[in-house]
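First the structure, then my questions, so here it is.
A, B, C and D label the chains in the order they appear, each numbered from 1.
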């Protein structure tokens, strides 16, 4: 099908990574309550922890340039093993889409539309994402550059606006938290925003010019995103200080206080629209990868007919996944990071190792064949 | 035709979802009453609070030519009694035709007697409610907060908006210190758990009542422990280092002067000897411009400036020490020394934290002040000084 | 509410099913049906508000049992 | 790709049916047109009369010529289409008065035909035709046919020359600075206007005729080597595949050959000014000129083009860039202003400063309709006013739209039917929507979509609406080139948001032009050379 080999340029790939990571960071309420005013350190630790992780992804992509993650599994673990591993991934992609949808529903419900039920917001949004996925990957990633430029501009404006109420003593005391909370924070940030880059292994085959090396773009996108998240968190800590752990939407509250030239005082709607744009972007990428994964899993030609039933399933799944918001936060802070870590770090690592071993065996077998042939 | 009919079905599905589930959050402006001011007072029955809400009547306030009858009061006051803010609000709802809309609330005024008994439980609703905003100004009223909301201001129809403007102007000239809900809450929940809020009182002259801001109310762990006078609150601002305006009167034996404060800054430094907190050192620098000179008969301007520098330093010290004594009396560390020590010397803070009140109440404060008089205004010499025959 | 959900499912069914049968891609049709039925069953369960245990809760309890959680 | 195939299927189907119907009742006419010209003058004339019918403007003039006027000849032409003095001076006078025919008369009939063609007829374009059908066709398109006893061929002399509208300034795209010439309905004038501007030999103008009944001749103009051959071929293929019976305006052609008939965005640009069309052809696009329509289509059109007016390139770059950014802003306002106003006043009142909120609330106090209904009423009444303003003759039109807006707005507000702020918002939308002429129709549709979304979901609805529009835009392709490519910073950005100075715009748009990308490699700003007056 024509859509299958929709090519996206390397820069679009890089900037879609930036937006992908930034969108989950805007709801960075997870680790604020754990590490309070040292949250910006967590971002640094998370970046350091994720560099080897990225190296694994890039190595995998280079190993099998035009194979998506699911096809790599089939190749590395053989038919049955590959299928089992792929089921994990497919379930992981579907759950990520649903969790992000719930985040969006929760955010819109909390900030803009208090009375509209969550499901309505989610079902409208999933229709929008389904429509964009119907047109294929090309459409979604085309806007990544524009979105990034707009978002950085708005971020800078928001920093300027809140500059006069920033108080830089809020960052102190540094390093006075129990060590456990630092580990917990780093664990969360390296699985929720940064670890989700495993999704991009599904998109890597569609990138033009990947022979020239995807590493430059993978790392570039990652570091830009890490820098932007750092800025967001620095701004929130400086403005809110010790009120951080009370608020469930820190960035939103911080912007509510921002006053620009006295008259334009409520720029949090700007933040809300920006978040909706980002989450649209992230959810349609996730939705695209989950359907692509299913279509590669069953080796069917085109994924388009699957879009409608999959979106219906996701809407229903998002209702049943958690009863309420509190459960959502406790589980995703408590145990989810471990399971995500298993899927995002350990599985790709094993795949890489197995593929190296296989190559070594083949080389040995090959050389022995030459030896016997010669 | 097949393709078009398929498209049509999809479109109808989307439209159906849209319309059937839309219009949840609609709030037409004419079915909403806009809350501009909130007052919390102690009710007669013990344990209850009296909540007064000031609502701006759009009809009377709207610009353009369709302003209502001239004598119609632009503001409507409704009040209710309940154990907590939410209970009071609920009782308000059933007898009010319109939905209460808190997004535009300007001012939260707490009655003095309610402040003395404690306000923490009531502040929680304001933090949690989606509609409440953190940049609301917090005020303490002498007497009942209800009367403050009732008094009319000549310039602004809606008195709450007027009060907000007054606070903004006063903070700029730092006659008094405007405190937003966010600062108030963060100070109260901080290590030193004490905060300040400006006091507003009604001055009754014959028939017209005027509102005026004077002094600061001191809070410790959510309870009001005392009041600071005008001068004491200026002393407080000197130590906090955010004095931006107002003027300082200086008396010397040769003459007196008024110095306009251009800017001020202060650095706090705890001094330890063998991890026992010995004293707090605050070095304050102030930049002034001479606003008024009287006396200093036939002296040179340089001599006058030296004299003034010494005089200014002494008067600031007097103000600061006077306010510090009062805060020690009230046992509330409004300067945030506790949280300062926690931030910069977290290790030592653990030891002091337990009996911080005792430590604070007899902690010595050493102040050294650097005065910098930048300019003498338009004229160098005053008429009485040397050179005038 | 029930009628509304059923209406949506019927419409989804109407849109895709005939086309797939005409194109005789039975593999896609199989996956389509399993997604479709899963969604239908789940939604009916919700409507009759029968508590559905979500996989996340299962994993949570599993991980807690081997106390691998914060 | 998908709907391209279905379109092909449908055409094939329809062509098959039509050809069967056609032959049933007009058999006789088709048959005659295939007949060759016999040479017996009376018979040939009889046949042409049968085919052409006896309408008043078809003139058949029989006369005798030759040295002592013994040869019988006839001229067939359509009165009004033919330039009469050319007919008389160029053809009749030399034939009848010309004397030197006698020497060849005797040898052979063909010889005389050649001499008549070469020596006597003083007209540049003379061709020979054998069949009656061809003769009829050329007579209908304004030439004169010369038949003579004994000649089995007809001489077609081009005498086109009907009175046509003179080149005047187009109403739709009026410009302050820049050429004011506009295309006219006459086909040749339009092609001439282009030729005059692009004198390079590789400007190709391929000719086609479309439409069963009208047979309008259409020409595809492009520059060999600059335009992408792929696009040129697609345009030609699509034009050939049109099976309509009438092409009265290029608008017909546009709807037949555009990529996305269901989208509200035009994917084929049109213009009435030759300098605009020339600029686009130089950028590698293909122009389609149709006879009888002053609007010339330019094939691959990008979303950016509707924001570029020809004037931007004639004035200095800074002011031009400012105006262009203003246009984007105006387009954004014209789409979303009513929607945002509704979202603010009914959903997120906290965003409006307090004092302003009271004025809006006061204005809303008396009005009976909910804000959403009020907005719909005003937006539609504005559309009606705009339409009335265009349809009525020019002087009355202006008056109607101004009077209408003022009086209606004023009366509605004072009667308390509609809130004053809403009237202001809709007025701003109206004014803003004139800033981007090409997109007024798509803006009108988007405005209503966003209005409905905003009234049901507020800010969230607007965000969803915008995303929907962005998706739709990204999915559109105009002749294979992504519709909003430069909007998303993919292709060169030199001319989309801000117009770079002319000397810096060295590359042609990447997607459209395929070779000869570099226009002129002068990257450095022009330094004025001061030539001292040479007074030895």
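Simple rule for what comes next: a residue touches a chain if its C-beta (ideal position, glycine included) is under 8 Å from a C-beta of that chain, and two chains touch if they have at least 3 such contacts.
Quick caveat: nothing in here was measured; it's all calculated off a predicted structure.
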Counting C-beta pairs in contact, does A-B beat A-D or the other way around?
A-D
Chain with the smallest distance from its CA centroid to the overall CA centroid?
A
Starting from the mean Cα coordinates of chain A and chain B, work out the distance between those two points in Å.
42
Report, in whole Å, the distance between the mean C-alpha point of chain C and the mean C-alpha point of chain D.
52
Between chain A and chain D, tell me the centre distance in angstrom, where each centre is the average of that chain's C-alpha atoms.
48
Centroid distance [mean C-alpha coordinates] between chain C and chain B, Å
55
Hunt down the residues of chain A that sit against at least two other chains at once, touch-wise.
112-113, 116, 124, 265
Hunt down the residues of chain D that sit against at least two other chains at once, touch-wise.
347, 350, 457-458
Touching two or more other chains, which residues of chain C qualify?
8, 12, 15, 19
Which residues of chain C touch chain B once you look at their complex with the stated criterion?
4, 7-8, 11-12, 14-15, 19
Show me the residue ranges of chain D that touch chain B in the complex, using the header's touch definition.
3, 6, 262, 345-347, 349-350, 354-355, 357-367, 370-371, 416, 420, 452-453, 455-458, 461
Residue ranges of chain B in contact with chain C within the complex
6, 9-10, 12-13, 16-17, 20
Interface with chain A, chain D side, in the complex: residues 1, 347-348, 350-351, 353, 457-460, 462-464, 467-468, 470-471, 474-475, 482, 487-490
Sort out for me which residues of chain A touch chain D in the complex.
2, 9, 12, 108, 112-113, 116, 121, 124-125, 128, 131-132, 135, 138-139, 142-143, 145-146, 149, 263, 265-266, 269, 272-273, 276-277, 280
